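Once you scroll down, you'll see the structures, which are given as structure tokens.
What follows is a pair of complexes built around subunit A, which joins subunit B in one and subunit C in the other.
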Partner chain A sequence: MTAAIATMGSTEKPLARRRTRTANRRLLPWLYLSPVIATFIVWIYWPLIDAFRLSFYQWDMLPTSPIVPVGWTNYINIFSLPKFWQALGNTGWYIAGLLPLAVALPLAIAIFTADLPPRARMVYRGIIFVPMIVAPVVAAAIWRWLLDPGHGMVNMMMRDFGFRPLRFLQDPNLALWTIVVLTGWKLIGFSTLILSAANANINPSLIEAARMDGASKWEIIRDIRLPLLSSTVLFLVMMTILLGAQWSFSYINVLTGGGPLGSSTNIYYVLWDFGFSSLSVGWSSAAAVILFLGFGALAFVLFRLIDKVSFHDN
Partner chain B sequence: MTTDALALPRRARRASSASGWLKGFDLAGGHVVMALLSLFCLFPVYWMIVTSLRPANKVFERSLWPTAASLDNYTYALNAIPIGQMLVNTLIVAAIVTVVQLITGLLAAYAFARWRFPFDKLVHVLIALTWLVPLQVVMIPNYLLIANAGLLDSLTALILPHFASALAVLMLLQAMRSFPNEVLEAARMDGAGSWRVLWEVVTPNLRGTIASLAILIFISTWNEYFWPLLLTRTPEHSVIQIGIQMFMTSEGTQWGPLMAASTLASLPIFILYIVLQQQVVSSFMKSGIR
Partner chain C sequence: MNRRTLLSAGVSLALGALALPAFAFAGDIPAKVEAPVTISYYNYNLATAGIGGEATKKLIAEFEAANPNIKVNGVGVTSAEISTRVQADVAAGRGPDVAQMVFSDFDFMVHNLGAVALEDIIPTAELKAHFEGISPKGLALGVYEGKTYGLAYTFSTPVLFYNADLFRKAGLDPENPPKTWAEVKVAAKAIVDKAGAEGIATGIFGPSAGDWLFQGLIRSNGASVLSKDRKTLTFASAEGIEAVSMLQDLYKSGVYSNLDISAAMDAMAAGTVGMYLQTSAVQGYLVKGAKGNFELRASTMPRFGDKPVRPNNSGSALVIMSHDPVKQRAAWELMKFMTSKHAYTVITSQIGYLPLRTDIVNDPQYLGEWVKDHPLIQPNLQQLAVLEPWESFPGANYRQIVKTMMDGAEQAVFGGGDPAKAMKDAQANAQKLMPAAMN
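And then the complex of A and B:
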């Protein structure tokens, strides 16, 4: 009883002290937060509001030219623009193409290579992580060289095996998938490492117990490993859906410029294109608002989903 | 042996030699898969370095190592654009951004870790949500801001927007929350002000997290492409990522110098990686993907 009173007293005291603190004290946390808050207001939150405002105007970004209010015209124009729908569709293809490379394949590899000895594992880990630290522009340059239709290593090899050389980045049917693979190249090793780490964290006695009960390797994967890996997998899926198309931006800009015939463009590249090639602030801003709201809704749904599943996991 | 294992699936011990054989097979398979993945991940980088070292007239050779190594491509690249200046610029930007983001991150994380205050949850969420806002969405207002301030084509323009990052705040906050409260209490009892506690007690104890973060921020700033693309105009005031692009023109690509410039741009990061490999990998893994 006395102990209870004592603990109550000890929680009460700082509270009382807190109450008597001066206004100065109350300001203190905000002072510590101010650099971060100021940065985010100036560079992210105010620009978001400003993009929203600009989406109702027509302007070519020159200080001398007038900013004309046009109401919803920008939105109406964008929705009736085939280029926008093509970019939106392509964004979906980018994400769909990246999911196997950034999640499914790494998951299979992580599970399949779970029994490798620690030393070999460390060596592989050091190697497959390398693409992650290679700059996107450097990666684009290297792959442009490897995939060159005339002298690139990949096409030379294909010719050796009797195949026709492919114009990976110049063929409208191939360009998007080529960029998906390049984006995947940067992610596949890293995802494998994340999933391997999660896989190694699974309590070995669970696996052992299942084995004793006569569970086959496949049953162990299906009933033990996959459920226990589900939260990591979902995290990777969410990252890929929300950021996947964004990761491709550098490759698109360096390698194809969205072409040929818009076949490799995506929603992020279209924003760039509207804004800085066509110099149409209104269109770019309207597309930005659409993108932001769309992805915001998507993120919300995904977060809710993850919440549900990770609760399940506990 | 195999039939034995099939006939008595519930007797794991009896089937052990069969499963041993199977295990060896799996192991070899695992090595094959990993070797293929390693080849896929490393060969492009290797090919970049090999190509960059070939003499100018032998760039199209396919031998796995340069038959006659030469620095022709490097000389050409260095003469074509101010690579030295661009590397220095990149280093300046990456170093300043790293230091500033760590400082602002420490300050903000400390505010959350030490005090409860009105709207703290809301501010926390708003900071965390910033990583969901794509650069392309806010680029025009940002560009106009920089242009109106007369900062276009300057290193300042590349540094200012990176004064804070959600990643730094959140990672440091996580580390501070696992920090023993007694130590903080003791320091407070000694009459140390919040400022002194932060720099003399908290920060020295977060060295591991700070080092991880520093690596992450430095590498991602070094590799940054979008921001310089938007805000810089002349090679002298730009970073190396933009320089690489200059060797890829619509008229044709100078493969040798392009690979030489790419190698030079990657060298500092590769050296960092070779020296601090374990730390680099674990800091990236700690942070998730971004």
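And then the complex of A and C:
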């Protein structure tokens, strides 16, 4: 069309032609962006706004049921759940418990396996990575058998060594930590993989130079490797804080159902349990909004922190 | 899928969206299914591996053989999820034609999911003929606001299973199992002290337990969960608190183990628990574990002092969800078959539920021989005579109410605090979720 206008309008003033061209130039990027923008609006922003709207209604998704506006009732209901506050506290414990397993341990493994001979390193990291590819529900079912207080292998071994059997999933003081370990057990492989890649990416000449200057192994780790790994480490820390409690969901669902006495529940499980299991759109949307705002604020702070703290090679 | 089923699916979709049960009237449906029709049947036994699923598949196959025009599309959904699934599918405009619905969702099913009352679609004479021989208490379970919305299908009563070998080891008489909670405490203590096993486990608490056992427990002490006008929650009454305090006392004295549902069942089947209060539906599993290991026996649910035991049922009813007359007829035929003498023989003897038709118990053509060989069914049958309906909570938040109540009761029993406070807090929180609070 531009060409047609151009040939037909050859007698017109060049100014008009230029104006059409600049208008086109201004429109074209939007044209190219439009599929993405449309997708974002349809799949992300519109549902987000709709969730805000629905959180003020009571509805069970049935076409025959009325959509009743209830004001802030859904939020009040959620905040007055005794379990909500317990779950919020537990979420903090989940994150605190997962950080060493999802960040510190993999960091150590990544650094210390880096010097192994290639074949041994592959085998070693392969073994660590395997739990990652086991489906969570399958893993949970297997752990349930292993941890059974009566006839589970873990407890049988503990008994052989003269310890009293532990009720890993039934004791309110242990259940949360059991699930933390199971979640961490699956995450170690993933974090190790990422940290190994980052570690292998460190320019070897830096390490060579340090060695020539007489730095010990520990000094190389402390002064070269760790600072250069800091952005990856911070990324993993942020992932764990924002998503760690979510990763334990399937274990909670299969193994404890949040119990005993709500000791192993977390914010995601409680909100899912009270909202989604009965398709209460109002409860679920209010829960989603609370999570969105809460973790949004947390993510904002973390991003600012990462920008400040992390150290880049060049 | 051929064109006819597509067409009929479309018709039923349109009807489902438009028609409300109130518009249907008696005798609306054809007397017979003349042309081939497919109906969908949501069933939770189909979702279980092993004997329950196999027996249900067999029954469906027999029904199809007897009714060549009706094809049944059996869909297995677990009991905890079946209402959510029906709700989701109804919301999507493709609900089931017949569903096996858990009793605690009854209020919601009638008021929100559009369950069809049998009196509205089935000719009175036909209905009466089919109800002949059904236990009146069993029939009453499916009646809501004066109409029959469901026929009790797989349902059971709470049974106190006990390990007769552990009883002997503890110096107890297996011929005289404990009948009251006070006796349960004494027996459990003896089992812990002398037999070195766990005293008692129950299926009252836990994520998948629901509230059916709990309702029977506090009702037996004279409490109820809901006032007569269905507006006020009453589970934290003095009697209700007394009932949970009794459990707390059992727990504190170290004879009541707080095991989760499957762990308790495993432990009982493995012979490491003396007594186990749970639905009779787990009987098949326990019998398998006990075989060659220990002697499994059963008694009725314990009572409080000299108050009568007032258990309610667990389990489900069959409900017609379709609004298409032809499919309603097909659904009714399936319902009749599934609640027939033959079907109940299979359901009772192979899955472990109660026979809704008590006249087949002594009939040698049906359960006669089997009952003689299986004394475990006796307490279950005895309780059928005193069975009361499982209350379902009203309103859109009915599930949240159950959860709040059960969380409070669990806290009262195992939490170590004051049971009265835990129960009262839970009741106050749950009352806010009742529909009256919305208006």
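Note that the second predicted complex is superposed on the first by the 233 of 314 C-alpha atoms of A that agree within 3 Å, B and C clash if a C-alpha of one lies under 4 Å from a C-alpha of the other, contacts with A are read in each partner's own complex, and residues count from 1 in each chain.
Definition applied: a contact is a pair of C-beta atoms (placed from the backbone, for glycine too) under 8 Å apart; a residue touches a chain by one contact, two chains touch by 3 or more.
These numbers come from a predicted model, not from an experiment.
Chemist: Counting only touches as set out at the top, which of subunit B and subunit C does A:Thr192 meet: first, second, both, neither?
Modeler: First partner only, subunit B.
Chemist: Does the superposition put A:Met61 against subunit B (first), subunit C (second), both, or neither?
Modeler: The answer is both, since A:Met61 touches subunit B and subunit C.
Chemist: Please indicate which partner A:His151 is in contact with in the superposed arrangement: first for subunit B, second for subunit C, both, or neither.
Modeler: Both partners.
Chemist: For the three-chain arrangement built by superposition, which of subunit B and subunit C touches the greater number of subunit A residues?
Modeler: B
Chemist: Considering only touches as defined above, state whether A:Leu261 meets subunit B (first), subunit C (second), both or neither.
Modeler: Touch status of A:Leu261: second partner only.
Chemist: Go through the superposed model and pick first if A:Ile127 touches only subunit B, second if only subunit C, both, or neither.
Modeler: In the superposition, A:Ile127 contacts subunit B only.
Chemist: Touch check for A:Ser277: first (subunit B), second (subunit C), both, or neither?
Modeler: second
Chemist: With the two structures laid over each other on chain A, which partner does A:Ser231 touch: subunit B (first), subunit C (second), both, or neither?
Modeler: After superposition on chain A, A:Ser231 lies in contact with neither partner.
Chemist: Touching A:Leu169, do we find subunit B (first), subunit C (second), both, or neither?
Modeler: Second partner only.
Chemist: Shared contact residues on subunit A for subunit B and subunit C?
Modeler: Subunit A residues touching both partners: 61, 148, 151.
Chemist: Using the touch definition up top, name the residues of subunit A that touch subunit C in the complex.
Modeler: Those in contact with subunit C are residues 58, 60-65, 68, 70, 73, 77, 80-83, 148-151, 169-170, 172, 256-262, 273-274, 277-280, 283.
Chemist: Quick one: which bits of subunit C touch subunit A in the complex? Just the residue numbers, please.
Modeler: Touch residues, subunit C against subunit A: 17, 20, 83-84, 87-88, 90-91, 93, 112-114, 206-208, 258-260, 263, 266-267, 270, 272, 396-400, 403-404, 407, 410-411, 414-415, 425, 429, 432-433, 438.
Chemist: Under the stated contact criterion, what part of subunit B meets subunit A in this complex?
Modeler: Those residues of subunit B that touch subunit A are 9-10, 12, 23, 26-27, 29-31, 33-34, 37-38, 40-42, 44-45, 47-48, 51, 60, 62, 103-105, 107-108, 110-112, 114-115, 117, 120, 123, 126-127, 130, 132-134, 136-145, 160-161, 163-164, 169, 194, 219, 222-223, 225-226, 229-230, 241, 244-245, 247-248, 253, 255, 258-259, 262, 265-266, 269-270, 273, 277, 280-281, 284-285, 288-290.
Chemist: Residues of subunit A touching subunit B in their complex?
Modeler: Where subunit A meets subunit B, its residues are 26, 28-30, 32-33, 35-37, 39-40, 42-48, 50-51, 54, 61, 109, 112-116, 120, 124-139, 141-146, 148, 151, 153, 156, 185, 187-190, 192-194, 197, 211-214, 216, 235-236, 239, 242-243, 246, 249-250, 253-254, 268, 271-272, 275-276, 281, 284-285, 288-289, 291-292, 295-296, 299.
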